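Labels run A, B, C and D following the written order; every chain starts at residue 1.
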Amino acid sequence: MRRWLLAGTVVVVALGAIGLGLLPTTEDGFRSTAVTSARDTRSAVLSTREVGAAALRGRVLQSYVNIAVQRARDQVSTAITDLVDTEVPGPSSQRLRDEVLPMLTRSAARINDVATASSTEDRDALSRAVDELSGLAGELGGVR
Amino acid sequence: MKRVFAITLGILTAIGGFVDIGDLVANAVTGARFGMRLAWVVVVGVIGICVYAEMCGRVAAVSGRPVFDLVRERLGPRIGLTNLIGSYLATLFTLSAEIGGVAIAVELATSVHYLLWVPIAAFVVWVVIWRVKFEMMERIFGLAGLSLVVFVVALIQLAPPWGQLAGQAVTPVVPAGEDWATYGFFAVALFAAALTPYEVFFFSSGGVEERWTRKDLVVSRLNVFIGFPLGGLLSLGVMGTAATLFLPLGVRVESLDQVALPVAVALGKLGLAVVILGFFAATFGAALETGLSAGYTIAQYFGWQWGKLVRPREAARFHTVVLVSILIGVAMLLTTTDPIMITEYSLVFSAVALPLTYLPILIVANDRDYLGDQVNSRTANALGVTYLVIILVVAVAAVPLMIISGMGG
Amino acid sequence: MKIPDPLRVDFHLLDRQVVDPDGYLIGKVDDVEVSVGEDGVPVVTAIHIGQHALGNRIGGVIGRWLAATARRLHETGDPRPLRVPFELVHKVDSAVVLSVRHELMDPSALEIWLRDNVIGRIPGARDAG
Amino acid sequence: MLASDYLGRTVRDADGQELGRVADLIAQVGEDGTPRMVAVLVTPRWRGRLLGYERPGVQGPWVFDKLAGWLHRGTREIPWDEVRWE
């Protein structure tokens, strides 16, 4: 008897969870996804900026730079996927998406620049990439 | 003189052996998000592991019984089995996370993807468990783990606003932009990182295996009371560096390379190399301990012959459990689950599994038939009961906090 | 012979570690055999060691599974737990110490199987660590 | 018979009054070293192991002593021949 009760509860909870997942996204839900994506990307951007700045001062091993940049890039691509996969419920969400998505793709590109510049020991490119990352972090911080 | 040397060596090993992937991750992540506002949890956790390990060491030395032996003996076969399943799973998750940590440390030094290193790291871990002598194993990795002192050096070099860090440490409140559930979740993670069950399984089993007697109690206590707090200081160093570099930027720590970044910024390439070595030693040493502990829990519950001092042939069931556990740990990593994620789950599991391993030890430490005149003093009991309450609260809160905060979101 | 008096079967015997005179770990006291003597008073006659006995005590799905795997592993002889007559118990304290060496007793079927088929085949299995 | 056949069973006294569940079997060790059953430890509610606090002279942390005393209240030893197993 107890077992059936337990099994029944599990099924109800599971169905409930699936049902919640199938509900259409609201404007608020979309905004929260966008803000989270921007926040995670900003975190990756700033982290990479620190790595780049340290590389400029010759403080990090190249193997480390490669891995740190790769990890940051993975984070940004997860953020992009999250945003792209979320259904757009209305016009204001569409505007938000058009505002945030390009920032995310630019972030991914600039993060990549750090790895390239560091491996080719191109100091100018590296310092440019670091500056651009600072700018991007500011923009991303403005997403609310 | 020789004795002083042996004691010093033991303490140094305890310091280096204290920090593992759980401490590295939990401290760096909370440092970046909360500054030093959760530092008090590390202090509470370190005192807790001292209380617990001291009792286990005493019980092991006087009665000759390791932790999991007593778990079944006091709680009976059924509750003991529930406990075994919980503790084994917690240890298994930790083992997997540590192997992942070893692989990532090698990745940071070589740029070769960590998943390629996972099977190699696991194989080497197994070979060391299979071949290398207990004492040697403990010493090498404990001492190499000491290189994590570099976090403390880096913190000083970073010249952080000390007043601000101290201010955060003494006003443990939830900062703006974070909620109670997240604060609570990371408090649980930090506490579990300091008070991991496998550390105690390993410590007490090692004591039994090295045939500690009453005479060894002083040394065991010195190791615990000096080694663990200094190990906790390394943890706070990790937290402090993350608080200094990442908190002002609002960067969240999500991978092991970020944990090392403050040291690179402060100390350059050499510092970075030392950190990577420290990561390697700490996670490798902990992988050995968790691998053995996975075997200890099961073998001690069933009463099988276990241990490193007998020929593996004579402890076939024990060595099979160790081998299979390592293979499962590798399989978990090869599903490409993020090792940091596995670490966080392992901490939650550990928190939940802890009370039932702690309770029997507290009871046995009071049993004159087992300990004679070495039973708990009033102070030890006051502390022991206080920590039982804390451990229970943490265990009950762990899963709800994990769900509400979405693993700290 | 050092045995606590009074002896509490559940507290002093059940689930304690059984060791031989050298400290070799033989198993846990998984059950205790009680026989009624000539005068009608039950006496403790033996301890049982083995997953069959443990499984029967635990009961439920897991208990049945434990007992079943233990039975299946027995390729030869009786699929029964190891029975140690109580006369061979030398001491009962934090462990149950026997007065005979473990070589004189039937080893666990699982241990033998794993030794012969898995662990014993790995190089270095004969060296202590 | 096995100890597990006795433990946990509900027993009655000679008048058929329920005594409770069997928590432990108490034996006295004879001169020949054979433990002979003398009493049954019976408890009204607790079903698991008694954690050792039922023995005289065990000092736990104060709270545990009290807690165990409360959980196991009504626990008593009944001489073996006064117990009816059904």
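Following the convention adopted for this analysis, a residue touches a chain if its C-beta (ideal position, glycine included) is under 8 Å from a C-beta of that chain, and two chains touch if they have at least 3 such contacts.
Note that the structure is predicted; figures quoted are calculated from it, not measured.
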| item | value |
| --- | --- |
| Chain closest to the assembly centre - both centres taken as Cα means | B |
| Between C-D and A-B, the pair with more C-beta contacts | C-D |
| Centre-of-Cα separation between subunit B and subunit A, whole angstrom | 31 |
| Length of the line joining the C-alpha centres of subunit A and subunit C, rounded to whole Å | 58 |
| Chain centre separation in whole Å, for subunit D relative to subunit A (CA means) | 63 |
| Centre-of-Cα separation between subunit D and subunit C, whole angstrom | 24 |
| Sequence positions of subunit D contacting 2 or more other chains | 49, 52 |
| Multi-partner residues of subunit C (at least 2 other chains) | 4, 14, 57 |
| Per-residue overlap in subunit A, given as positions that touch at least 2 other chains | none |
| Pairwise touch network: line, ring, star, complete, or other | other |
| List of subunit D residues in touch with subunit B within their complex | 48-49, 51-52, 57-64 |
| Partner subunit C, residues of subunit B touching it in the complex | 63-65, 69, 72-73, 76-78, 80-81, 129-134, 301-306, 308-313, 316-317, 319-320, 323, 369-370 |
| Residues of subunit C touching subunit B in the complex | 4, 14-18, 24-28, 49, 51, 54, 57-58, 62, 93-95, 108, 110-112, 114-115, 118-120, 122, 124-129 |
| Interface residues, subunit D side, partner subunit C - complex | 1-4, 6-7, 23-29, 33-39, 41, 49-50, 52, 54-55, 80 |
| For the subunit A and subunit B complex, residues of the former touching the latter | 39-40, 42-43, 46-47, 50-51, 53-54, 57-64, 66-68, 71, 75, 141 |
